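Before I ask anything, here is the structure I am working with.
In order of appearance the chains are A, B, C, D, E and F, and numbering begins at 1 in each one.
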Amino acid sequence: MIFYLIAFGIVVTAILTIASRNSVVSALWLVACLFAQAILMVTLEAHLVAAMQVLLYAGAIMVLILFVIMLLNLTPKELKWKFIAGERLILGSGVIYLAGVMGLALWIIYKKGASFVPAAGGGTAGTVEAVGKLLLTKYALPFELVSVTLLVAIVGAILTGRGK
Amino acid sequence: MYSLVIDIIKVIVIASAVLTLIPVLIWWERKGAAYIQDRRGPNRANIFGIRLGGLIHNIADVFKLLFKEDIIPQQAHKLIYLIAPIIVMGVAVSTLAVIPFTAPVKLGDFVIKMQIADLNVGIIYILAIASLGVYGVILAGWSSNNVYSLFGGLRSSAQMISYEVAMGLALLSVIMSSGTVRLDEIAALQGINILEWNFIRQPLAFILFLTCLFAETNRNPFDLPEGESELVAGYHTEYSSMKFALFFMAEYAHIIVGSMILVSLFFGGWQIPFLSTEFMHDNMNALLKLALPVVSVSSIAAGVLLMRRTKKFGWGDARDFEPLVFGLPAVIFGFIIGIAAVFSIYLNEYAVSIITAAAQGAIFLVKTLFFCWLFIWVRWTLPRFRYDQLMKLGWQIMVPLALINIIITGIVISR
Amino acid sequence: METIFADRKEILEKALFLRDKEKFDFMMDLCGVDYLGCARERFEVVYHLFSSANNKRLRIKVKVPENNPEVQSVSSVWKAANWFERECFDLFGIKFSGHPDLKRILLFEEFVGHPLRKDYPIDKRQSIPTPVDLRKNNREGFWINFGPSHPATHGTFRLMLKLDGEKIEDAIPEIGYLHRCFEKEAEDHNYAQVIPYTDRLNYCSSLMNNVGYSMAVEKLMGIKIPERAKYIRVLISELSRIIDHLIAIGTNVVDMGGLTNYWYTFNVRELIYDWIEKICGARLTTNYTRIGGVMRDIPAETFKYIPWVLKKLDRAISDVTGLLVKNRIFLDRTRFIGAISAEDAASFGYTGPCLRAAGVAYDVRKAFPYYHYDEFDWDVPIGENGDTYDRIMVRFEEMRQSARIINQVLEKMPGGPIMTGDYRAALPPKASVYSTIEGLMNHFKLIMHGMTPPAGEVYSFTEGANGELGFYIVSDGGPKPYRIKVRPPCFAIYQAYPELIKGHMIADAVAVMGSLNVIAGELDR
Amino acid sequence: MEYIVLSVIIFCIGVAGILLRRNLIIILMSVELMLSASNISFVAFSKMHGNLDGQAVVLLLYVLAACEAAVGLAIIVGLFRLKGSVDIQLFRDLKK
Amino acid sequence: MILGLLQHISIQNLIWLICLLPLVSSCINWLLSASSSKLPSKAANSLASFVGISGPLLAFFSALIVFWVLTGIENSEAFAITGPLYQWIGFGGWSIDIGLRVDQLSLVMALVVTGVGTLIHIYSIGYMRGDDGYPRYFAELNLFLFFMLLLILADNLILMFVGWEGVGLCSYLLIGFWFSDIEKAKAGKKAFVVNRIGDFAFIIGIFLIWKMLAGQPIVGGSPLNFETLERNAAFLLPIATPVCIALFIGACGKSAQIPLYVWLPDAMAGPTPVSALIHAATMVTAGVYMIARLNFLYVLSPLALNIVAYTGAATALFAATIGLTQRDIKKVLAYSTISQLGYMFLAEGVGAFGAGIFHLVTHAFFKAALFLGAGSVIHALHGEQDLFNMGGLKKYLPGTFAVFFVAALAISGIWPLAGFYSKDEILWQVYERGYTGLWVIGFITAGMTAFYMFRATSLAFFGNLRIGEDKKHHIHESSISMLVPLVLLGVLSISGGWIKNSIGTFLEPRFASVTLEEVTHHENMEHILAVISVLWAAHWAFVAWIVYVQKPSWPEAMANKFRKIHSLLMNKYFVDEIYDAIVIKPLAWISETALWKGFDIPIIDNVGVNGSGRVVGFFGKLAAVLQTGLTPHYLFFMVIGISIVVGWLVF
Amino acid sequence: MGNNFLTTKLAEVVNWGRKNSLWPMPFATACCGIEFMGAVSSRFDISRFGAELVRFSPRQADLLLVMGTISYKEAPILKRIYEQMPSPKWVISMGACACSGGFYNNYSTLQGIDEIIPVDVYIPGCPPRPEQILQSIVKLQEKIVKENKL
């Protein structure tokens, strides 16, 4: 029950994110969406992930996005909800098509069964120690790769953002 | 069911305690500033002649702000304008959830953790919530549709993001040396020996964390987001009445909560130096025998001194009763305690537990207030940073230092 | 002072010659005079030049006809001329050809007419204006309005800042929010009545303005004042320099966020106020000097009280410097911020602490000693970089030097009268008023008619708290001054403000403004 | 199962955001939305299988999201400096 | 006291200390350098020199203690001590540790490096006094020492490579120390680039080893550990030759052997103590050390050994001939260094690793002495480096002269100085192992060595003072801080050779034996050869003295007579020009004319790119209708595509 | 709202709060501003009356202290600031110039700020002494207590 409540919140905020006229408001809905996702993760006993979701996503990435939005100081004209010129038809049909395909896919997955059954037994509580250990053993290589990616991204962002 | 009731009680008690601390701290700031600056500070407001040294002024402020016109600027984005102060205050208070106030209290079979929520992510929760604090400021700045506010918001977001990095890194070394992320464990691990507290074991992390705390609370010398002489009032320039009061109070709530975290992490939390929980538990009656006469005598002495002041100054108005109002109860209280001491009260186990916890809570409060005072002290001493200097300090000094500290910690603990 | 006349079409050439060949590096003052009906050419523009190399002064006069009041602009020669010419245009309607941005400066755009012309009635009011957008056509980029009611401006300046992030790319200042028409009011009152108006020029140190004005009128009339009056004037000048610097430093540091210093500086200021109150009854606006002397003798306890105050001052200085001098934040905030080079400072007509901070040791008290300043033992402190830090430190040091002078004044203070006996300025003693007809008549004339200096002109200057405080007085022999022009040091100093802050940050703009110690009363008059 | 459905829905909303909006920043946010949709399913799978691998992967994904946001925002700022707008319709240099 | 201390400091820690002490002082000096603008320069400089010296000095003492403790251990196999710190890289059962290894070989090297290094640091105080970058200099020098010690003490190839690259970096930094001079900066760049060629080969060698060992049932720990390598050398037999050659190319780069020697003479642009420490005594011997370290590999491949030997001999002769005519005192010493390094490789190539290392040690002493002496001279003459502008300095710089003279005698191989023992040992080993041709080359080179060294000595210290009047009165003996290391090195140059036997036995357990082709011992022959070579060297030294002091007109005449040879030698065989002509120019020509204009433009551009472009462009124009340039549209098509794929997968 | 006991009491309490928490917004233009600084300084210490939180944002201030001459150029700004303040708000006109134009009776100066905004307390003097400022605050407090608005 609580899942459906949260899921409803997530979907609504996600829709509002892409539907809001004002990009600041949009960003705020995204924050709300991410926050709701964090709550969902808490119900899944992924505490660390939930905390990190708030810390990194809501606390850092979204603040950065907000910062940039404010820095750019968009004019009201910019903020208007506009379609890509003259192509509503294509886009509309595309969305319908997409929705159809997705719905079909879902239906098939649904039909094949496999309802969500949490695995029995403990060991799924995402404590810092457990997840951390996993990160540094099994996922050591991805961990390192991600860190390199981060470094590259930082350098790239600085170089791109520095301008002339 | 019990646990839920206990949780609710904990929330109510702790939240109300902190909210009561806020006016005290504001009063302290006003008086502290006054004493630093060779003046009196607020002292005129009174209720039936009782002034409490100016503390009453804060009540007056609250009444005034509550009944002041609440302006929402026409150009503002109304929704965001309204929720921004709530976010700020909410974030400041919700950090309280993981702070351990005393050692776990044993009442028979019950063990009550003196912590609202015993999360297994501890410090990360604090960081996560603290990182949300910036929303209030940045949204307040943006939604006001005022250039100064916007500047305040931008400054604060840049500042908070930057200092969160250093803060997280500084905390990391504490986590490393403690081997846990739970605040209650970190507090308990530090033990009763002052020399084993984290501010001795991690001095660099302590200094870094303290500095970041100043930045996160937007206090001088990091008060650029509001920087009066530059940005009028910064991000809350357009706020009035109670919404402004929320910002105002949130600043102090931040200070209190920040100090509490600082104390938990670095100053042994609720640990009373050289008196372990077990020791107090076992010897509480003896300790009380020592303490009660002292309390009694000093209370009587204070009361007598207060009452004598009445004769010395005579203003001829309601103020004259003030020393009497305080002095007499003090004397009576002293006598009661004295009698209790004479008739050597004996406490049963429950009472011992509670009094132990109370003593630990009191020492926690004392430590917290000391750091609150540090905040005030620094505010009235240092000039403000400039934006680029602030950024430079954050990224070029604090972050490398924190990294070095982590490396050193790593080397030390890997031995 | 040497006076030469120049043609309005050749003044630029002449100015260039004077600057490059004769080394007149400072243009101290530029003002217009309206000789309505007195002379063939209605207007005259008067330039006061100063050569720091030769320690020489020069006055140039340019006659301007009424029908085509146009003079060549010298703003390309001396940067200071820019605003002085704008002011002259604003008040007299004299156009300066070649001026980069000739528009009103003290008054608002909608104002009709030019108030300092003799045919403009003093109380002819015009409607309340609407605030203007200073950006005009230049709306590109991110602009922010600063003032006039902004905490950092302490009074009434307005700035438009063009920002790139926090960095200031451009700044447009606007002044005139405290234009109280000192000069027009002065023309409307007799000589003695002008003294209270001078109080409100630089209201942080009114005593010095009194001294400067009285000295100018005495010079005009050729009155010698008694020795004791001279010493008293030195004493009050230096005391008011101290209180002025105390305010400047206190508020400057407040602007940088260091609040407590302000209370420390103000404590001493209050002590000095106490003494000022004893000599004249007022704290701020003193009206203490009289033409020919001072109003009243100093009380006897002065000789004990002032040294005690100076000790307190020393304590306050060490308190404040203790909080600042080794403070990294303060140093980073002030060093190399808002720096001005010695050449620029000269060209902008800087005087006083701001000039000395830039490394030029020009002080009127040393260069053109008056009132025995040459007999006292004191030094002129100078800075190196002309930045905010130097300005603050020079002010600190000047307070110490003033304290030195005051101690010597108190030692050497002679006895004797405090008012000149000259009948043209001083009221006769009561006894003679009641007993002799000359006395009675003289008293009556002075009270009813006021003193009448001979026709002529004088430019007298003293070292004010912010720099050279000059009074240019034109007398037509009547009881009211025909024209009084104040040479306000702030006017020249504030003019360079946009140059000082460009490339720095908003926070620096605030700190720099505080360090310049611009006093609106003097700036806008 | 429900978690997967939720994840797909969020993902589709993200795609729709990218397709329909012209504001580059909102497009970027839609991308973040899509990423976070995958996080949900990862965590759900983690719970389903009773191990923590999914959560570990999510943590790595956060870092990637941060990278993406940093670079994306830098590019947006650069584009804004270029054209003074973040309207994607202005950036049709692929055509020209 | 020390014993008490030692009980607390385990020997492993001490080994780390050797390495880390210079790093610590380097870090402090970097900080000083970074903040030197805020400190009074005098205080900063004295602090910098104190810190800069104490690092190497303490490291030296640590090394001594280690030496002292280790020599107390009887069992020579137990001699090797490794101090692993932690696992650095680990994957799939493989791991590379950060660990140090002290055995006889590395200990000898460490002693030499820290000892000579300390002396040169002390010397630098005087030499660099008043330089703007004083703390930076010490920081870089200390950093170099750290990397050098890392190279020496590393217990695996990867960490050694880290040190290898690190010293390269420091060399680059220090050659270009006065980077505001564009020529000097260029010299640094040249050294860096040339070294990269060698390093590339080196890393290929490492990869080869790795590739070979991967999947093999190796015994022991990490496969790139020297110990494991030694134990499992048999697995490497199939690729021993390519590996050894690749590694040797790396050594050639670092140790300035043909054909990668060109950077070393240019490297003299750095401060003279740097030349002494890095480009004479320590870093350039890294190649020699590396081959000695991996001797167990080299013995697997006689071909590679022969290449090493012949390259070494050729370099020795070649560089000596160039050295005969150089005018710049430091260039002479530089070519001499190359030549001596050739000797060392020669020794190693014939399998006499011990002799090579021994020569390395003695060479470190006398070459450092020579360089520091030259530095003293240059310092005294305010940067004058041309030999023909010196002369007669004996009178002015007696101390320097004495040391220089002794060191010149030592390098020439005059009995009983250090050079005699080591060089004689090499020549004897070469002779004994049947490489008579190489022996002849070595013998000739020895004569040349004596000649050019005494040519330099004579020109600098004997005869008349040819320097300009203006510089004359400035000539002064160096300060005490410069003189003391000089004298110490002089003493070492004299006495360094007397440890010949003990060092031989000390090092023996470290080296695999090479089967001798001719196992005959000629006791007498050794002595005879020794006497001959001493006489030979003395003869040429005397000739040099005669020619350059007594008959100053002869060199001119000789030069005129053999103009071509002279100019050939003078211009260093035009090697730089040849490189330019055969490598750079053709490369440029090929790139430009053949590849770009000949192939790129007509074929790739016109036919390939533009041609296909035109074809595609034609269709593209047809398709361009769909191309709006708007990202969302492209995304839309992408989404449709994905949907199709997903749909296909699902159904 | 009816005038019953409860609202009267509430009004009293609120007035008591307002009285003791007068946060000033200094609109200092000239000499009087210096004397206001004097009133803030240690000797006079305006903070004793709870008026120390000098707010430079009109939104947060209760008391507009107009200090110094107001010229015609400045007048619209003063008016704007007054309008930006949330009610209840009070104005103290400090000094002769602000009250009446003082001895500046000319083309440029406003003859008293009451021409554009309402004033609660006038302080005479040129400039008034800090004590007068304190007294004006006391007077204003007396006035506030008598007010009956929520």
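Note that a contact is a pair of C-beta atoms (placed from the backbone, for glycine too) under 8 Å apart; a residue touches a chain by one contact, two chains touch by 3 or more.
Keep in mind that what you see is a predicted model, and the values were worked out from it rather than measured.
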item	value
Required steps from subunit D to subunit F (each step between touching chains, minimum)	3
Given subunit A and subunit C, the chains that contact each of them	B
Chain nearest the global centroid, as defined over all protein CA atoms shown	B
Farthest chain relative to subunit F (centres taken as mean CA coordinates)	E
Which of A-D and B-C has more C-beta pairs touching across its chains	A-D
Furthest chain, CA centroid comparison against subunit A	C
Rounded Å distance between subunit C and subunit E, as computed from the means of their C-alpha atoms	73
Centre-to-centre distance between subunit E and subunit A (centres being mean Cα positions), rounded to whole Å	55
Separation of mean Cα positions, subunit D and subunit C [Å, integer]	63
Mean-CA-position distance for subunit F and subunit A (Å)	53
Where subunit F touches two or more other chains at once, by residue number	41-42, 56
Contacts with 2+ other chains: residues of subunit E	628, 630, 632, 636, 639
For subunit C, residues contacting two or more additional chains	150-151, 263, 267
In the complex with subunit D, residue positions of subunit E that touch it	627-632, 634-636, 639
Partner subunit E, residues of subunit D touching it in the complex	15, 18-20, 22, 88-89, 91-96
Footprint of subunit D on subunit A - complex, ascending	3-4, 7, 10-11, 14-15, 17-18, 23, 26-27, 30, 33-34, 37, 40-41, 44-46, 48-49, 52-53, 56-57, 60-61, 64-65, 68-69, 71-72, 74, 78-79, 82-85, 91, 94-95, 98-99, 102, 105-106, 109-110, 114-121, 123-124, 126, 130-131, 134-135, 138-139, 142-143, 146-147, 149-150, 152-154, 156-161, 163
Residue numbers on subunit A that touch subunit B, as the complex places them	22, 24-25, 28, 31, 47-48, 50-52, 54-55, 58-60, 63-64, 66-67, 70-71, 73, 125, 127-128
Parts of subunit B lying in touch with subunit C, wherever the complex brings them together	33, 36-39, 147-148, 151, 155, 220-221, 223-224, 227-232, 380-389
